[in-house]
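Just so it is clear, A, B, C and D label the chains in written order, and each chain counts residues from 1 on its own.
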């Protein structure tokens, strides 16, 4: 009875069976709670290999918890966090950053395709009134990778931001809700796409890319790691049966599963983009570099797609978002692009 | 390689297979995120049946999140929450209540076996300075059921506290981390053990009783329900793939599974208590009414048990806590009571 | 030894002697602390007469305390407060609003001359996602009167904002740091300029207009008044010897002193504006309707003024702010306009 | 019309005329706001002399602001602050410490006469679970000098607490609401009574000892000073016309005025104690070492004193508090002790 054509969000979809199998396999014997277990210890080792550097990994229930607590551990209560206006922390998390940061202020910097630019960041810090108690003090910058408009920061773009941030003592937080999608796009290693380019702390997205109930914070900067455990515990985000979360994340990175899943989603989005880009009256408002498409089209066309049973987010009178999942089928893509083609032809007629 | 004799905590154990099966079975098709799915809708209906009244159910990752956010939605920022000194919110949650409540104050009231008593509560409210801005204002009372010393509030005890609380405009929050264990002990219905006795909002424990990654808040008082969703969202506790959490809780209450699991744990604890109670030098410091035993014994005996490989919590020089799980085996109990018997005899000799 | 030409801020100046005399006169006998005294009681009565309606008045040490606590009592922790980008709460209070509101989010709405417009507010509320837990919920709108660019909202402009706000359940907060200056400009009564136009809670500025150590919150909406006392007490803003603060505010409004002082400052600013408006290369970027001038001029001219010993704020390479006080002298104005005239002539040459 | 016999609180009384004269004298010329003025600069120098060490001084409106912000700058959000159960921060500040600390937890340690003892502190830290994320982490200890029962810590007592605190990395905060009264009692220098004995940050009380609208934070530990300015600004406690506050505090310490005022209050209390100590049925429950008396007596006697027009605080059925001010007159003392003598004789009859 579920609708056949699902493009609302990557969190509307299924989990990869491998994660559920791993979770089920973890259900044996007994072990210490709150992350004192063997699987969580393995996870530290495993992600240190994946990222080619010592890391601290903290599985958390949601991306919002990951973002807000990574930032709380990176900023003072009177700090400012810079982000794009479109950033998830600014639009969709009920100001969790301000809450967990006990008054941390979000400052938005307009950029291109949901990105923060190094010039904008430099200018904002220069105008921020560093040292002036009247002003929220520059503390961190938040990059969403892939961005909330479906684009992907290049490694150079990340590094340029990192340079500006670090020159002024700011931490670099990457909201990697779609980090794997970005890695696949960039064709780079996890290390290249994160700490080597200047990222201090990463929200490692799992849920949207075949996960179910766990994401993770990956801390590269040791000084951040020293307090984040306290923040997490009192935030109620530390499961007592942590091993069931760690098992999922171990499975997620095993044999590059995460990259395979992300590639499938990206490829689906690329195919869809290719098919609808030529249509009259249809404009992709940002490059399709991960698994999301933001499409401008006539309002009547959006309404017609909705009444045909296609599920997607309407973001404005003329703006629709379509998201591909790791298991988005060729049929779904064909159905959507076919219908859009017919509607575009009718509009043009 | 895991130790055979595990009494550290009920969160060191396995999940009930039924919950994992339900979670796996939920991995089909697509559905709306953030609790807009069909399983979460079913959960509302199902728990309304279980509790024989309309309820709002919010699956959350941990008991700490359940407690702190239930209290945040029940208290003002300048409120006081009364609890026993032994209460989990006071001893073990990093003051999450104060944090989520933006300065809510915990006020401890000494009682018997981890309980808050109605006289103590009445006296505290009388002395609180109601209306006086210098003082944190009485806002809620927290009952842990079963208590943090393993005892169980009778229905009359809950009702007496509820009467005092409601007479003064306080909310009644039950930390039901071991709610099922208490129900089994009391032989009462979920309704009798909660809202009919005056509970306004319940932290429904799942994890310790065969769950894995989800607990729940059950709201009986509609005015509390109106804001708690906002609190939860910005706390990062609302999973986007909520259906995998709701599926677990549906399985948890299906065919009275939760009560069966709790009965097994309680019975194991009762058998263990029966076997060690007669031992010389061994004293149970609180009635064993759920699945925990708090045992006073000579320090040497505690040390000997540890070196024999028994796993449990040492709470003080002479105080040990032993927790039974739904799957604690007869062998484990026999081994522990046998060893304690031998050690007690040696001490007495 | 103090500089002769002071235009930095109205808070760099003297207090009106009447306030200091009143404070000194209050130093007699004994009385209850924390606002339980006779002078604070008189203040309630007196301001109810001034505003022609029952009010609750809370003297506070600073405008920041007034603003942040008025908003904290008007918004939920997951609320959004709308304001102009130039608003003092957004630029100059270290995000006190976010802090006291425990995560309240500031959302800026661009307008004209530092004003929020009703259309902008209506649009922002429409796009806010009311009821959606992902989004900070519209809670209040903040108007700065006079604005942070020296303009004054007309009564109709306030009323239009009030209508939009109230239609959607938002509170209207007026940051009246220069409320008296605005009243004088508008030629209206305090009631007309506040609650009759829809203001629910007013930060009544005293300090900038001849005060010294006290401002006040004036609450018109009774439901806000019920909690604000608790917010204020735990914020450490309730003096135990409150009578010395109340005495100042009583003197401030006695025999229309506040209006006389504001008129002097406004008149000084108007004279200055008149004299510099014709100068070549000099542009007033906003109407001079209170006691502040925001002046665009060549960078060299700004530097020359500084080296001539004129004290003012440089807000940008070409932007300077000049503020007139209640006791700004004709000499100061003549000196500044004379020097600017000479510099402008030189630039033009 | 004011009552003749005032023993309610030292904040019910007058300010020392010297402070008001200094405030009035400051009303000349113009100067920078927010503490950038010459008087505030002088205050830094002057208090460095008074305390014989470099200090940072921050005038604040109230003792609550001083305490809560000193502690916020000394503790992490997940910190615990130890204090006596009777401590002002625990009983009378609406949990400002928890609020400004964003969830900092107050942990009370019972002691003698309102003091924290080094043994109690040592034990509490040992049991606190240092490093354990479940537990609020020991961050600071709060000493009230004189205590909330009118006793005075000896220098050795302070030093012993300081040693324990510093051995475990805790900050030592002294709530010196009656610091001058304690200095007079101890006959020691300000340095001996504070940083030399281990105090890191001091709330310097002015209001209760002849002040009116300002107290101060004196910071000895430089690392605390680096952030407290930001905390204070966003708390709305930084006056823009700071010079009027600094002027008061300069007058307060000039020519040892503060010590003279405190001596007068202490002497009055000592005389009163001497006169009532012998009375039958009357017991001083704590040593009278500053300016407060806590007196146990028959309920009927308390009621009779109240109906005779004596003003004081009733703290319980048999407990009354009497506070002497710098200007408590011999007549007031004679009237009170005389009346108590008559009532005691009647009771005994």
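Brief remarks on what is shown
Just so it is clear, contacts are C-beta pairs under 8 Å (C-beta built on N, C-alpha and C of every residue); 3 or more make two chains touch, one makes a residue touch a chain.
Because the structure is predicted, anything quoted here is derived from the model rather than measured.
The minimum number of touch steps separating subunit A from subunit C is 1.
Put simply, the chain farthest from subunit C by mean CA position is B. Between subunit A and subunit D, two chains of identical sequence, the interface residue sets overlap for the most part, with shared numbers making up over half of the total. Counting C-beta pairs in contact across B-C and across A-B gives the higher total for A-B. Between subunit A and subunit B the centroid-to-centroid distance comes to 34 Å (mean Cα coordinates, whole Å). Rounded to a whole number, the gap between the C-alpha centres of subunit B and subunit C is 51 angstrom.
Shared interface positions of subunit D, i.e. residues touching 2 or more other chains, are given as 34, 77-78, 93-96, 99, 102-103, 133-134, 230, 233-234, 238. The touching residues of subunit C, counted against subunit B in their complex, run 34, 76-78, 102-103, 133-134, 137, 227, 229-234, 238. Residue ranges of subunit D in contact with subunit B, taken from their complex: 77-78, 80, 91-96, 98-99, 102-106, 133-136.
Per the touch definition, subunit A reaches subunit B in the complex via residues 2-3, 6, 8-9, 11-15, 17, 20, 23-24, 27-34, 60-69, 93-96, 99-100, 207-208, 211-214, 230, 233-241, 244-245, 311, 325.
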